[in-house]
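Listed after this line are the structures, all set down as structure tokens.
What follows is a pair of complexes built around chain A, which joins chain B in one and chain C in the other.
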Partner chain A sequence: MSTQLVQAVWGGILFGSVYGLMALGLTLVWGAVRLLNLAHGAIFVVGSYIAYFVVSRLNLPILVALPIGVLGAAAFAYLMHLIFIRPVIGKPGFDNSTLIATVGISIAVSAAAILIFNPEYKVIPPVIGGNFTVSNVQITKQGLLVIASSLALFGLVYLFLTYTRLGMAIRAVSQQQEAASLMSIPVVRTYGMVIAISGALAGLAGVLLSPFFFLNPNSGFNPMIQALIVTIFGGLGSVRGALVAGFVLGIFESFVEVYYGVAWAQPGVFLLIILMLILRPNGLFGIGEVRRL
Partner chain B sequence: MSAQVAATAGATRPPLDVAAAPWRRVSPYTVGGTALLALVLPLLLVRLNIGTYLITLLILFFVQAVVAQSWNLIMGYGGIYSFAQVALFAVGGWTSGVLVHSLGWNPFFAILFSPLVAVVAALGIGLPTLRLRGVYVVLLTLAFHELARVFTVTGPRFISGGGYGLVTVQTFQFGDAIGDQRTIYLYYVAALMFAIATFVIWRVIHSPLGVAMTALRDSETYAVSRGINQFRVRIVVFAISAFFTGLAGGYSTHYNGGISTTIFDFPRIIDLLAMIVIGGWGTFGGPILGAGIVIGLDQYLVALGDYQTLILGLALAGIAVFAPQGLWPLIRRLYENYLAPEPLKPAVEVSPAAPHDTTEEL
Partner chain C sequence: MLEVKGLVAGYGGGEVLHGIDLAVDEGEGVVVLGPNGHGKTTLLRAITGLLPPRAGHVLLDGKEITRWRADAIAAAGLVHIPQGDLLFPEMTVTENLLMGAYHRPTWSERRARLGRVYELFPWLEERGGQLSRTLSGGERRMLALGRGLMSKARLLLIDEPSLGLAPLTTQQIYASIQKVKDGGMSLLIADENANHVAGLADRVYLLETGSLVREGPAGELLRDKALLESYLG
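Moving on to the complex of A and B:
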């Protein structure tokens, strides 16, 4: 096989799983809470900085830092829910308020990260080091770990939503909030749980991805935009859509990058999504119900 | 007969709703006084030690307020969450920048093309986006923002200037005026732009078009069923908004003598958003007030560095959640109590979720 092809496929699968991992959290929150969480990138950054802090200042191994970062991100997301999202749930201006509030939170987080640490690029060690080559393309073990954990998480989230009590409550709330509350499902608490879970996913993505992209106070922004695109491509609120769209877009971007140059990768993706929205306005697996926004 | 008497008496004009006769809520004395103040202000300020600095602040305020108002027109009034406003500003800036820089046109002539090209760009962005709703609009407009950024960084050299943007564009020249005199002229150009934009946006808000767009925001199904063409209304408003944003972009290029690619940085969007939110989202005066507050505070907070961004972010989130009306209602109440020509009728309580349920509407 030619080097280019292997590189494109490898990069595509890696990017795809990365986008999927980020998009999974976004799509969960959108599906259940109808909240476009523009602070998702900020939560990603919070998780990574906590892990960085644990590794570099407390000198603990990355395997200890990983769960701490994930839990920290989840706690941060839950805190955000308590302060800024819970007060407006059910109020008329919910869309406006939360959209702006999450934008505000995201810049506050990046400013706080600059103040606490500094604007320089940070390195988090990979969870597993080492690499091997397949026809001149370097394949890192960390990359394989990212792909594996992304797939595993999709499976877990799917099982969680289908078979557990809380998962069923989440689905009930996202389908019919009023009916769910009549069935004595604690709606607001379910919202909080979903946001915390989504935060944990973002934090995990942050810790796992930082060895690739390095870590700086704004490093969550680009993955978030990509995840948004993936979410919309796959259909907002659809877990399956996020998985498929993540790989489709990742591989597409990677092929464009390898064969036409890096400068065309992002414009290409944007053109693809614009075409997609004209042809199928609800995304690949979207449900026709977008009237609430 | 008695109706005629009542009509000629003038004193018994029936109190109308704001939307029905907006001009009756505006006192000519207030407008005249403000205009006179705006004309005289630079002549007074220039005598102060820091006068020139204050005038440049006012110019900055005019430019930002125009952009914030246009953005508020589509975001606050139209309910279209477009994040392409900075991109449209850049389109305007680059248009006249390239015309002057590469073709050697006069800036005063070139700037006339900024709003036109921005409108064309807005139509290009609007055609795929405006049929969509909410989040989809956010995402697609952010995508256009990103595309514009990539294009200005990696595009042809006469646009990208090698990745930095246009760094040496000829500035506005008024005969051979220099120093303070030139600053005063620049002030007048900016003030004129601001006045025109404000007036047109005020007219649009109170026109049938503006009412249609607010109706679409509040209850799309109802508005459409009353015969409002959703797409046409939105694209016209989007174009109007782009027109003034592009104009402000062109002015800013020739004022600063260039336009750099850092204009696409996220904090720029945040600043504009903060103006709208702090002043009052979906109110006429909100963005103007917000622009004044944000620009004024920036001068004090700039020493704080990154704490400023932190404070701004938290303020944005806090105001959006706990005081979504912003600060404008406070000012508005003062105006209505002391300066407006006739007292305001007590507002009819209409729940925004179901406007057609109230008997007063029908």
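Moving on to the complex of A and C:
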């Protein structure tokens, strides 16, 4: 196999699983709460800095820092729900106020990160070090871990939503909120749970990706934009859509990058999105207004 | 068991219910009769917490539940089967039923409860894997009723059980509700057709423009054709 092909496939699968992992959290929150969470990137950053702090200041191994970062991100997301989302649920202007609040949180988080940690790039060690080469392409073990984690989490989220009492309640709330409350499902508490789960996913993405892209106060922004694109491409609110679209876009971007150059990668992705939205305005697994989760 | 005192409720600037007094005893079948648009749905919504009342009290076994959240009221045993069924469209028949048993103590008894619901509507078992949005109107109503029965209901509040159904299906629905009542369930049914509820009702209230204008034993009120005609047309 040619080096170029291996490079394109490897990069595509790696990008795809990263995009999917970020998009999974976004799409869950959109599907259940109808909240476009523009603080998703900020939550990614919070998880990463917590892990960085545990590793570099407390001198603990990354395997300890990883779960702490994930839980910290979930707690941060839940706090955001308590302070900014819960008070406006069911009120007119929910969309606008939550959009502004989540953008505000993003700005506040990056400013706080600069104040606390200074703007320099930080390094988080990989969970597994080392690499090997296939056709002259370097395959990192951390990359394989990212791919495996992403696929495993999609599987877990799917099983959780399909078979567990709480997961089914999330689907019920997303499909028919009033009936859910008549079935004694606490709707607002369920929202909080979804937001916390989504936060944990963003935090995990942050800790696992920082060894590749380094960590800075704004490093959550690009993954979030990519995840938004993936979510729109796959169909807002669709878990299967996030998985498929993540890989389609990741592999597409990687092939364009390898064969036509980095400069074409972003424009290529946007062209694909525009085409896609003309053909299927609700995305690949478009659920429109009626279908959700 | 359920007591409603001076209940006032409405939407936006409008007041729909102007002080409702009503009671349902253990095992009793109570029917609120009234024409469309006179506040039957609003009454059930105000009792079960979907629409916070503006004034008045709702008491369950003498305990104030007036401003409880809808999910807490449902957990306490007041189970509302709403107008339009409000099924979970992208969930299967079985999943819809299971959501009825969401409350902790019922979740662990869900198998036994499923069995009882299947006895009432055997087709629910055969077609358990079908998405509920693909069901017909009559099937949806039966599923909504079955879902309500999956809960630990002490009182079922049913909003117009026959709304939009064909005559044959209507008969089936009332026959199943009758079976539920014979099993000892307390009922509060909102309806506009006196003939449908004749067998179910122990006591009847007549609702007109947001006020209860008459109350009495079903045998008495439902026989008074002239009275019913003047209210229900």
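Couple of notes before you dig in:
The rule is simple: the second predicted complex is superposed on the first by the 289 of 293 C-alpha atoms of A that agree within 3 Å, B and C clash if a C-alpha of one lies under 4 Å from a C-alpha of the other, contacts with A are read in each partner's own complex, and residues count from 1 in each chain.
Everything that follows uses one rule, which is that a contact is a pair of C-beta atoms (placed from the backbone, for glycine too) under 8 Å apart; a residue touches a chain by one contact, two chains touch by 3 or more.
The model shown is predicted, which means the values in this text are computed figures rather than measured ones.
Contacts of A:Gly129 after superposition on the shared chain: neither chain B nor chain C is touched. Legend: residue contacts after superposition of the two complexes on their common chain; A:Phe221 is shown touching chain B, with no touch to chain C. Using the contact criterion defined above for the overlaid structures, shared-chain residue A:Ser184 touches chain C, although it does not reach chain B. Of the two partners chain B and chain C, more chain A residues are in touch with B.
Of the two partner chains placed around the shared chain by superposition, chain B is the only one that A:Gly104 touches, whereas chain C remains out of contact. After overlaying the two complexes on the shared chain, residue contacts for A:Ala172 are found with chain C alone; chain B is out of touch.
Of the two partner chains, chain B is the only one that A:Leu277 touches; chain C does not reach it. Residues 290-293 of chain A touch chain B in one complex and chain C in the other. Listed in rising order, the residues of chain A touching chain C in the complex are 165, 168-169, 171-172, 175-176, 178-187, 290-293.
Those residues of chain C that touch chain A in the shared complex are 48-50, 69-72, 74-75, 79-80, 82, 86-91, 95, 98-100, 102-103, 107, 147, 151. Of all residues in chain B, only 81, 128, 131-136, 138-140, 142-144, 146-147, 150-151, 154, 266-267, 270, 273, 277, 281, 306-310, 312-318, 320-322, 324, 351-353 touch chain A in the complex they form. Interface residues of chain A facing chain B in the complex, by the touch rule stated above, are 30, 36, 38, 84-85, 87-88, 92-93, 95-112, 114-115, 218, 221, 225, 228-229, 232, 236, 263, 266-267, 270, 273-274, 277-278, 281, 290-293.
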